[in-house]
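Letters A, B and C name the chains as they come in the text, with residue numbers starting at 1 for each one.
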Amino acid sequence: MKWTLLVILAVLALALSVVLGPAAVPLGELLRSDIVWNLRAPRALLAFLVGGSLGVAGAGLQALVRNPLADPFLLGLSGGAGLGAVIAIALHLSGPWALPIAAFIGALAALGLVYRLGLIGGASLDPRILLLGGVAIGAFAAAITTAIVSLADAAELRNAFLWLWGGLSGASWDSVLLVALYAPIPLVVLLAASRPLDLLALGEEPAQYLGADVERVKRRVYLAASLLTAAAVAVSGVIGFIGLVVPHIARLTWGHRHRSLLPAAFLGGGALLAFADTLARTVVAPRELPVGVVTALIGVPVFAFLLKRWTIA
Amino acid sequence: MDDRVILALDKVRYRYPGASHDALDGVSLSVGLGQFHAVLGPNGSGKTTLVRIALGALTPLVGRADIDRRPASMWSRQDLAKLVGVVPQREDNLFPQRVRETVLLGRYPHLSLWGRERAEDHDAVDRALGACDVAHLADRWLWTLSGGEYQRVRVARALAQEPKLLVLDEPGMSLDLKHEMGLFELVLGLVREQGLGVLMITHDLNLAARFADSLLLLEGGRPVAAGAPNDVLTQQTVETVFSWPVAMQTVDGRPQMIPLRQPKESRA
Amino acid sequence: MLRRLSVVVLVLFACHTSARRHENPPAQRIVSLLPSFTELLFAIGAGDRVVGRTQWCDYPPAALSIPSVGDGLPPNIEAVMARRPDLVVLYNAGPNVTAAKQLERAGIQTVLIDLNRLEDLGPAARTLGRLTGREEQAESLAIALDSLAGRPPPPATTSLAFVVWDNPPIIIGHGSYLDQLATQAGARNVFGDIAAPSAQVSLETIVARDPQWIAVLSDSTVPPAFAKRREWRAVRAVRAGHFLLLPGSLFGRPGPRSGNAIQQLRARLAR
């Protein structure tokens, strides 16, 4: 029953994304409309893919670091992506894909650094160091970014920060195809880790005694979640709160078994981002809000409500 | 009864990286099916290290640690979990769970990657719940249970793995008298009725002496005495290892120690 | 009684003259913190008195030999003070207000001038004329600039959208000088209904409003990178390659050359 509702919700969110928008497209002309086919449809799909990826990455990460407050953007990836983007602009790199590629490389560089830090205690990946390292590397990257912005050509770079705030404006069938080909691999890796993630909630030692290859699982989950997040940032900037809040909402109904939690987080995250993007496009039309602002505005009250429920439990 | 040896440690020596002295030195141990072994010793005597070595989580520097005649570190985690059920000292409870859910986690070693839980898995869970006398708690949230009930649930989870060997690390700690007795009775029952082998780390000398078939007494990582409780727990041995005067009594044919109070003048 | 009165009169007279003394001597060492002001100062014949400029002040060519005090966003107080100015001219906006206060505290006269649209040019010229003692020259320039601003715009024969950034799309609205530029050149800004100087909009809005031209401030001769992106090609003007590539120095700032800018834009649109 609840799965049916979730699927209906997802379909509804997608439908609203396609039907609603600042440009008035009468219902009768939807199927013939250029705007709908070339702009709204790919944008809706991209929002769904990105939102779903962030939801799953968030759920996996929360299980990995055993901290329900973990968000994919705590890994330092957004800092790395922002730095990559700003360097690309400062160096005047041309090409329509220069920004996303540079952001992706920046995110990967941050990923590599944090991973390396996480191994500092030995061969075992320490989740607490991953979190702390992520925050540190993220702050470090942000500092360098600010330095570059203040030293180089100011105006353009300030607009780069708007990009970083999150937006699906760059959505096209090209980017949808890219993400649709890329995302399934890390998503499947995370789904395959469902049972070990359930066990990990008991602690690393008990999980090991229940048959989980803990080291391998930690590595895979960290890399898969990070790769999903890196792609999301490269394609749509930093869209916060989805990775943090959607897993919690999903847990309220689906519980903690990751086998059902992860798919629910995917559908829920996708629906939420598609819906938030529709709001971003229509609420102050003809202007547009950065979608990261909308997810934060929706996410914070939901988060507060969850916290209240959590402390009561 | 099949009395094959499930767990065998042979003159194991281990030192943690960066430590100044050995955590274990020259420790040997053998647990067969239908046998209840207890490991005793003061704090820091190496008991938990022994469990980790036995289960392949650590590799001994010297000596062997075999499970079912294969080195413990050679076992894949999943295969090992089908043979050995462990109740560690600590576990986290990150998310609220119900009893049945947490016991079901014990079936994970038996599940295939994408396969669902089968009827036999649910049956195993039911059997485990019944054996530990927590079937009536199956739908309760873990955080509503008492300490004693929670421990029994953890034992049920280990049982759901359908192991040949059960390893418990200080299971009676923080349990009250009734629950601790109940736990030891439960474990003994599993040994006698289901033929499991049991390795238990405990600080409770008296209960270990009453229930276990065989004891190993450690001090500073070294074995002080091993064998039947009557042979291991003599007044002299206990007083030396635990640095405290005791009187010994016999109950049910097993030695029980009574700590003596030290008069003010003779306290050194 | 008479003595007390004369003391009061003397004090008042002293304050008055000291206030006037502030305005009176024309500024000899001026730091200009906006390219438009640099151009205006040169245009009224006070260019030789400019001792400091921002790195963006590139017109007239003589300005390039004046030492730069940085990008001016926000102003580098030390660099400005190192030029030992007796007048600093700033654009009236947030961070500059703070900078002006700092400079005043150091005893340097500052002036914050509004310069957002064409109609601000005349008053700006007059202010600078007054401060430099070049009132006559400033007045004739101001009259020309006022008439430029006051001119009724020609009927719109075409439409455009000014794109400042592509992801997210940021366009110029009515509050910006660029909007006026377009209107005076006979092109309707399709986003003229947005009051703000600039705003983020959805790409589909740009497609729906279907401007005939996409104007971009660019010193390059090739279309911007986003022209090749698939989602931007939903815009008809992008597909047709109808780009107006406008060099920033001439088109991006209101100033004495604004009339020239409007003419050039009109010519480009006619082609």
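Couple of notes before you dig in:
In the analysis below, contacts are C-beta pairs under 8 Å (C-beta built on N, C-alpha and C of every residue); 3 or more make two chains touch, one makes a residue touch a chain.
Being a predicted model, the structure only gives us computed values, none of them experimental.
For subunit C, the chain with the farthest CA centroid is B. Among the chains present, the centre nearest to the common Cα mean is that of A. Per-chain Cα centroids separate subunit A from subunit C by 41 Å. Averaging C-alpha coordinates per chain places the centre of subunit B 81 Å away from that of subunit C. Averaging C-alpha coordinates per chain places the centre of subunit A 44 Å away from that of subunit B.
Only residues 66, 68, 122, 192, 195, 198-199, 201-203, 205-206, 208-214, 251, 255-257, 313 of subunit A touch subunit B when the two sit together in their complex.
Remark: subunit B residues 17, 55, 57, 76-78, 80-82, 84-86, 88, 90-97, 101, 105-106, 108-109, 111, 113-114, 161 touch subunit A in the complex. Subunit A meets subunit C in the complex at residues 21-24, 34-35, 38-40, 42, 94-96, 98-99, 154, 156, 159, 162-163, 167, 169-174, 281, 285-290. Remark: subunit C residues 71, 73, 164-170, 191, 193-194, 199-205, 207-208, 225-226, 228-231, 233-234 touch subunit A in the complex.
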